[in-house]
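Next up: some structures, all given as structure tokens.
Shared between the two complexes below is chain A, which pairs with chain B and chain C, respectively.
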Partner chain A sequence: MSIDGQPTTGPDAAGTPAAASAPAHRRAVIVGGNRIPFARSGGAYAKSSNQDMLTAALDGLIARFGLQDERIGEVAAGAVLKHSRDFNLTREAVLGSALSPETPAYDLQQACATGLETVVGLTNKIKLGQIESAIAGGVDSASDAPVVVSEGLREVILDLNRAKSLPQRLQILSRLRPKDLAPLAPGTSEPRTGLSMGEHQALTTAQWKIPREAQDEVALNSHRNLAAAYDAGFFDDLLTPYRGLTRDGNLRPDTSLVKLATLKPVFGKNLGADATMTAGNSTPLTDGASTVLLSSEEWADSRDLPKLAAVVDAEAAAVDFVHGKDGLLMAPVFAVPRLLSRHGLTLDDIDFFEIHEAFASTVLSMLAAWEDEEFGRTRLGLQGAFGKVDRSKLNVTGSSLAAGHPFAATGGRIVASLAKTLHEKAGAEGRPVRGLVSVCAAGGLGVAAILESL
Partner chain B sequence: MMPAQPVILGEMPSLSKLYVNAAAPAARRRLLGTHDGSVLPAESHEVRGVTVDVGNLTAYQHLIGETASDVLPAGFIHALAFPLAMSVLNRDDFPLPLLGMIHLRNSVEQRSPVLFTDALDITAHVENLRGHRAGTQVDVVAEVRLAGTADISWRGTSTYLAKGVFLPGIDKPSAATVRTDFTAPDPTGLWQLGVDTGRAYAAVSGDFNPIHLSVLSAKALGMRRSIAHGMYLAARALADVGAVRGDSFIWDVDFEAPVFLPCRVALDISTVQGTAGTWERSDFAAWNPRSGRRHFNGSVRSF
Partner chain C sequence: MTDKYAQLVNQGLGRNVAKKLGLPQPAVLRRYQPGGPLITGPILVLGGTAGADSLAAELLSWDLDVRRHAVPREKLGAIILVLDEVTQPEDLGKPVLSAAASLRDLAPGGRVITVSRPASDATSPAAAAARQGVDGFLRSLAKELRAGATGNGILLAPDVHTTSPGALAAARFFLSGRSAFVDGQFITVSTAAGAPPQDLEQPLKGRIAVVTGAARGIGAAIAKTLHRDGATLVLVDIPAAGDQLAAVANEVRGTALQLDISREDAGQRILEHAVQRHGRLDIMVHNAGITRDKLLANMDEARWNSVIEINIAAQLRINEALLASEHFRTSPRIVSVASTSGIAGNRGQTNYAASKGGVMGMVRATAPLLAPHGGSINAVAPGFIETEMTAKVPLVLREMGRRLNSLQQGGQPTDVAETIAFLASDAAGGINGEVLRVCGQYVMGA
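Up next, the complex of A and B:
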């Protein structure tokens, strides 16, 4: 994998409209959010289904903003690990909630970007005037994951359904082999490479030469910032306890660089001395759900509800990771420059960065790419490096390394927390404040969004 | 009748012990109702600081179709209090035979939501011993308070019939209750109840009454097949009514004909709206879709 030798695919080359030509739409605002604390896989939510958790997060949001019996414009959510019986997961959660049963809903799935993409899609509908209010969300359970039957057993069952006679049935059954009876649990391997997400990131980590100590420091800051936010009461109006958890189960307020340094590498071990990714600087498998209430300004005003921030714009990107042109989780590296350029902004114009910590080294690889002169010129089509992220503005209330990462629920966690951070900062400083969200996802996907305080 | 000083039990009595006790020779007198009194015990039984096993709660919620929220379903509280209620019926001075009592009616007032993290004080007593055209009926009342508080969060009244038992001094009611004719409406739902329905409910409720467990165990007690537990059926109807019921409600059910397993049960839930267009009540009825015979009916309304 190399970062050079590729013609420009910069902001202007992608064919995205320039800021000047963008039509003026009305605003879509973030009213607030609610999530349940995230639990480590096999922990407090081990027996709770995706529908249970999404409904719990939704009912907390409904209670917080008085939405009982309200017909919301649309609810969109999703899960990455989803059973086929949950084809209408979000609609079922709505039907089980205190919302009006006449609230429409749809499911969305874009790997780890699911939650953020529900925010993007719904705010676009609000901006277009199609709906006045919306709830975006996401949920995932690594504990209650669907287990499927083997391909051999599946084919036998389907053929048996079609068989007309007993001899036919017996003949079909005779195809069954003992190995066909073993169930298959879902994996996190990329279908096209067979490498797990961690193994993919280990390649990127080595390519950008991200040291172990820097990764542990990102993890430490994540835990410290999240713990401090809890202590300051930041999550009091962003979270509803569930199944006995009142804080994220993965949070380790007392962790230290010394403790993190003792952990053995778990990914990239075939890379020998370069193996730097541990259970401490990688996100654990997690269960949880999040929701965000979105609306037009009029809708929020008419109900005397807060308007924390506006969703200004968003950009999706994808990278050609299959044969290593870019790292699997590096798509936001391209999404963010395109998005900022469309608005005539640079990294210096951002007050708060929320870069999803799939792995500590994912964040650091992105920052390294943006600081790299050659990458900026050859891959981003810029004069030089894209820029430097002020680390004091990064993930200030903690991120996925500390909170955990129930795949589809992460977007909602980030958007609600960032909107609140922007609102508080704008109130304290008496000026508009801007935030950037970046979420990487399996399949070489990435989504970024700009939020602005109100 | 105000209950006298409560009998405070150190822990929730074990249902299986109560059932075994009921079958032991020493309990035969009690079991066969040779007690000669016509007076109910005045004492209530009480257990303090009862806590809920969250795994059991989740299994219950999933079985009856409730979302696994932190709020205890009203039917779950019934199951929680049931062993205590049974311990009152198992007293030496309880005048009716325990075996073969039929659950006629159940009424629950869910006055305020109870969370699984709440410790609970539970009391149970019996009252209102009265005649029935087919025997003698009695109300078993259970009350649930948050531990150490006075306000009742949940109150359940279960009416049981001791069929064929007529006690001295207890008159038959002058007029038998008029059975309303039932014409099955178009169903709003259909339940497919497998033969394991009784066992599945026993596993989450702890009520291993043999008439629900298997054909054999039911036959041993004179039933032709095992039957679904009434509180399982009523709890599923309550779950079907859904979140519209809110946090506090009254949930009534009249059991009419047993549901023999396996079977299909047709269900109708109709919403009654108040003048302001808000929810006032949901009525439910369930019947055998082949015979048209009604199994049970009831309603959920705001408290």
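Up next, the complex of A and C:
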């Protein structure tokens, strides 16, 4: 048990090693997934709403697995940038899809971890026997983001609504000032610090002394791996084109370290020469949607559908970034050791790592923390460093730097791609293969999950 | 994609003007409607042979109104000329002239069907002459018919009777609105194989069918038609067409398989998908195809190779995988889309015509390989069909394409689809290695 409030294991940390490899419940499996290509903000999907994109991703999934008129146990999805009219976004998307209209749905929101958390919540329901099948998903549009009126205008409008007489109304209207009429654009700043996510990460990057070249290399690998996966047909059964886009709009197959090195820093500019985060090694604002089909083994078998991987377990964590104890996006650094420890696993037991690339330096800061003896002892409560991630096993089919990052859609992209990778590897090697997913999120949140091949 | 001219001359003023000026007046074709009658009006069966008698009896058992002799001034749905025993050209006169007397009574959308035997296995020059005479006769008569009526022929191999399953399936197809755009064509029934349909409304019920190029145009129409006929569908198209493919799949309650058929392992991928989801594969429709038109003098390697690769080489590889699979053994059916360009040639389409000629060669050579499994392989050769692709043809060429056939109009994608559904049916098992044109008797080609 750590002395620092981030224990490495769960409630039974002091007791026996967790025996979670023998599940007390039935399995929840990943049947497959579907997403639309991710588009750069203001690009191909500039005129598409969250509901349009989520419906398109659902319809592609339905077509792939023949789910027309099927009553799915439950569909859960969400969006980070969400208009108030979309209070029932997922249910509305279901009603607009080819699924049975008797399919229940709910919305979920956990910043960038939304997509992964829908997978976690729904697989838990499947494991408990509450539902047989489920679709997890997420969508985000940075192009079609809701624009909000100012607090001043909002108060006036609400008071006007309550006013009973004309003089009252005139009196209320007289309170309006020109500045109240300016709309508020959506921002990605942290409410408690006022800093953007990029500025927060710039602090973490500097703290862990992550060099520029290492970040550019992560970005380069992301583009190369994603391009290679496309060329190999890897996404043929993971993606359905949308609005003329057949590949992720952000993918630059021909980028190079030289090209990436020419880009000017955009975050942490106050750090002067130490500023390392550029548009090339940070994710761009993106539009897109993803879905994952989940079920019990019986459900998949009865419909002759594939079973790619099982969702074994998941762990959420949060950090105190407000007081600067940890970096904003460093919560997975704590979630992963707790999760692995619960299963008696180490980083060496993982065959594939999917660490969401919010920024190249986020991934590198996490890896640095895990390799740091001091951090391992004082913050993770271990004997020494947590361990080293074999970089050849990291984000092997590309990640967010290349694909883009429509916030809530990233979890679904990762889970479906990883499940397919695990299934293929297990088939090729004739042994079970294990994968780890880690997603950082605004608010100092992080979620991690273990998948196992079937 | 709409034929505005045909719409114009089929109503009010336009009809009168076209009639006075002697302009072409394409008829609105009689097309199949589920639940509708096979044909409206009595069927006149001419010919004094035993084959004619048994065919007439069979049609009666379908609850059709059958006549063995014409009733003066009675509107007829169809005339069937049974010429299965002609041995010399003089034998044609009597039945043909009795048909002539009834031609004016043929209703709009009516049918003339000849039933005869192929000249190729006649035992004497005179018999071959008589049999081949039917060919010239029928093709000419088809050009004389008006108001959407068509003329087609059924050729019966030596062991095949007028009431063998394949012969009856062909007769049913030609009588029905399913054959609306098939005109002046012959189908050879080579064996007595095939089973009578269990469910006339859903002849493909329980069958697992794969359609390539299913995202749009003719492929989407094939998917919808096979679905209507009861088949369970796996729809294939290139990944880049996945959104349209998904929309078609969701409409026909099938599954979408995004796959480039030119991949080396395409046949395996198709089999894996079909077998995993449905346990087997029964019907393979090779519809995917591309055009990369250029005069040969300007032809480059990429244009030539891509057309050959996708239109024929990919089909050969996929068929090889299917033929080797134990999961393609239940009365398997392969239907390929060829083209009239592959029969008659077309300027600027040397690559395309080579590939489509290749399809026809493949079909004929593959037929004996499928026969032992009760299977069949056939091709349809569409003429001018109203699709997104032909809508881009320049106006004058497009109008020529439309009018230069006996029905004076382009066909619809459903016309090709109906013919494919017919060839894919169990009942059509005796039809193997055939190329059937769906072209309204286009002037181009045989």
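Throughout what follows, the second predicted complex is superposed on the first by the 431 of 454 C-alpha atoms of A that agree within 3 Å, B and C clash if a C-alpha of one lies under 4 Å from a C-alpha of the other, contacts with A are read in each partner's own complex, and residues count from 1 in each chain.
Keep this in mind: contacts are C-beta pairs under 8 Å (C-beta built on N, C-alpha and C of every residue); 3 or more make two chains touch, one makes a residue touch a chain.
These numbers were taken from a predicted model, which means no experiment stands behind them.
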Overlay on chain A: chain C relative to chain B, clash or fit: clash
Winner by number of chain A residues touched, once chain B and chain C are compared: C
Contacts of A:Y242 with chain B and chain C, given as first, second, both or neither: both
Which superposed partner A:A56 touches (first chain B, second chain C, both, neither): both
Chain B versus chain C as contact partner of A:A136, first or second or both or neither: neither
Partner chain in contact with A:K47 - chain B first, chain C second, else both or neither: first
Touched partner set for A:V31, first chain B, second chain C, both or neither: neither
Touching partner for A:G96 - first (chain B), second (chain C), both, neither: first
Contacts of A:A39 with chain B and chain C, given as first, second, both or neither: neither
Touching partner for A:V120 - first (chain B), second (chain C), both, neither: neither
Among 20-28, 38-46, 92-100 or 254-262 on chain B, the segment whose C-alpha atoms clash with chain C after superposition: 38-46
Intersection of the chain A residues that touch chain B with those that touch chain C: 56, 59, 69, 98, 241-242
In the complex, chain A residues that touch chain B: 47-49, 51-52, 55-56, 59, 69, 95-98, 101, 241-244
Chain C residues within the chain A interface of the complex: 239-243, 245-247, 249-250, 253-260, 263, 276-279
Interfacial residue positions of chain A with respect to chain C in the complex: 56, 59-60, 62-66, 68-69, 98, 233, 235-237, 239-242, 246, 304-306
Residue ranges of chain B in contact with chain A within the complex: 54-55, 58-59, 61-62, 67-70, 116-117, 242-244, 246, 278
